[in-house]
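Lettered A, B, C and D in written order, each chain numbered from 1.
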């Protein structure tokens, strides 16, 4: 990922525009034939995708079992609600922490690996977590999942805001998304993010510049897993339940597809684009055919073959191509006018 | 009294073919002694067994009969890991070290010396253009001065190869027809019929002119 | 005392012994050249010096302190910088960003995720000074992969210099350069020499003999000759070769 | 078949007077490291071209460029009238360029017969059969059933050359043919190269050992650090001791 404009800013113009547009979504989403809950889902998966892309796009570390941390966060949210205290803040903190601890544990074992070996290890660990979730009936409810997770109210001491309507939840999740985006934007363009990017480009060189590469790989994996867990916690709250299927290899594959289709390798916002395209495609194509995954799969193949930098990359490319042409044409026009 | 640096004691290697009736396809015999430090030039046709001889001396190829004593120790009875503290085989630009481990290392003896005393150079690449020849020859002499035994094996296909052999070789070893034959000097080597056959008419004439 | 020292280094990869008791010392401010035929073990030796390969026997010391077997980032942090024969720049970074990330002060803040790395004048002015030193001041904003080859080679050295090393290890810095590039590099190295110690692997004898204070000839994983350029040229066979004709 | 006989079938050869192989200003890289700078050379039909220079000067890279194994980034390579610069290696081989690599590269566990049979093909040049190869190297007939790994260095070289010939080449590239061979066998190999030249097969001989290559070559070039340092008649280099000493140190 190249350093984009406004990298030094905490909040960029693009962020403001995006935030404003997203804030209007509940006003029109039903009119275009979609439904408010889809907005909630898109935002939650966007947090997850941005967290995942910190690992894949910035640090270049392929994690193909990332669903595990998302799922662990979902279970942590539910279990804390049932067994500790039904506090939104506590449950979300638990989701973040559980994802982070699971991530740190795995990172301990894989951070000295590279490339395909790294990827294999992430799959193996992801499968272990998924298997444990399915088999531990007593804790996770096995394949039946954890049901009756409540949408807890936002308790601000004096006031308490109820989130049981999809619109209220949407605005809460939007806030979380904006905070996560601002935080990740800053992290990506901080010295830490620069070192991660350096490690992606050449691990050897980074080590010879004095950077303890394993420690960085450990840190970024833990951060990414923690944020994924956080997104998982929101997801449990949104769908009032937690199931093991989001931890499966399958779902772990979806997040990879979303990020790559969207253009996570070249753009910070690429993963968000990918999530929108994926979920909207699921609903729109899914309305016509049950085999919508086939069509999305074909789209994925087409992107990998023809635009490996993803939708965001393609847009960036067109933009760059467009620019000089417009300039040239403008010059020709002014010549014509003058001459 | 210090033992001789290298003794090849009725050394024999036979390769055979056939599962039941074994017909020898290759034999090599050597019964030689190199008591002290010197530089030995090794020559002989392809397939005559120079590499086999080097492998037996460095302990990586077990002889059919006889023994190889390096500094008094039978190198084939020294721990695999420590054989390079006795002898080193350099193939072109790197060292070769591969042992077929038949006996557990624990049952084998330790090397009597900490550093190798035998250096065998198998066809080092000499190129007149880059100047390394000079450094290589100086290195052979340095090893010799440190009391080591140096074998340099090369095929003289150009005049300067013969110049090199004459310049550094104190004695020679002709590996030919299944035997390793010692030659005390360059001129003694040049008059040997087998050596002349191996060198071919052009190189023989050049060698004679040098001797 | 020698800045960087290696004693009786022994390395084997499987059946192959790559280094056999190499010993070597770099004095402060010295330029020490390493030459030798292909496959003689020069790059492996560099990898031992910079912590990429752990020797099976022997010791590496930085100013007398044993650092054998330390990982490469620890060796680098102690002031040993290296360039690579196959260039390993951060291709997506600009020249400036490549150099910034190599600065010790950047490294000290490597885990800082709260501030932006861009637009920080502290890094930027230091990095620009290093780029100016290798003649890339004008090209600071160009992405590394878009730079011409000669500039990429120069940037490779700038990245090593940015670490403010005590010893600069250069692995075939002239490889692939034309005569202009070589001349430019020679001027740079002549300027750096004395200020820091330099170890260079080099095939270009003209380049090496013109710049080095001492040269070690490596072959068969050992140092087969060592001396000043003048001493090495004494050899009769060397006189006959290309080397003998150099002025 | 003699050279004259080959020439008597004009449809098999290019009509122009252009050389059989011409390498025109190629620049070749390994990764991003440039190894060859503007290397040009021309080899006529039935000509032996010696390519000399020290270790690392770019001799083998030149051969690899001609064979399409390492593609030049700039410049052109023409063979028998066609621009082969971008052809895949197998097509270049089928066009009639044979290769004798320095490490021979025989299939070690296959017999000599199998090693040779997989190489047989026809080109626009004179077709070689096993019998023709036996005519050059009579001992091969006796080796046919041995595995390649059990051959001596000299025998391997004979098989490698025969393998190149069975591909019916118009040009054979010899990479360090003298390496690891006894002097007597080296002179046999040189005699073979001469004989092939008389039969209309051109050759490029890459050698560190200049003396050997110059004894068979008609033309020669010296590479230094990836550039052509000298090119001309082989005889000139052979006879001019001072020049040889200047360029090659010997």
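The rule is simple: a residue touches a chain if its C-beta (ideal position, glycine included) is under 8 Å from a C-beta of that chain, and two chains touch if they have at least 3 such contacts.
These figures come from a predicted structure and were not determined experimentally.
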item	value
Farthest-lying chain, centroid of Cα atoms versus that of chain D	A
Contact-richer chain pair (by C-beta pairs counted) among B-D and C-D	B-D
Innermost chain by mean C-alpha position	C
Inter-centroid spacing, chain D versus chain B (mean Cα positions, whole Å)	33
For chain B paired with chain C, centre-to-centre distance based on mean C-alpha positions, whole Å	38
Centre-to-centre distance between chain D and chain A (centres being mean Cα positions), rounded to whole Å	58
Per-residue multi-chain contacts in chain D, two or more chains	54-55, 249-250
Touching two or more other chains - residue numbers and ranges from chain B	125, 128-131
Touch-based graph of the chains, sorted into line, ring, star, complete or other	other
Chains that touch, pairwise	A-C, B-C, B-D, C-D
Residue ranges of chain A in contact with chain C within the complex	1-3, 7-10, 186-187, 189-195, 197-198, 201-202, 204-205, 207-213, 216, 219
Chain B-touching residues of chain C, taken from the complex the two chains share	12, 15-18, 20-21, 36-41, 205, 217, 219-222, 224-225, 232, 235-238, 240-244
Interface residues, chain D side, partner chain B - complex	53-55, 151-155, 178, 180-187, 208-212, 248-250
Touch list for chain B against partner chain D, complex	44-47, 123, 125, 127-131, 155-160, 197-200, 202-203
Partner chain D, residues of chain C touching it in the complex	37-38, 85-87, 149, 152, 175-176, 178, 203-204, 240-242, 244-245
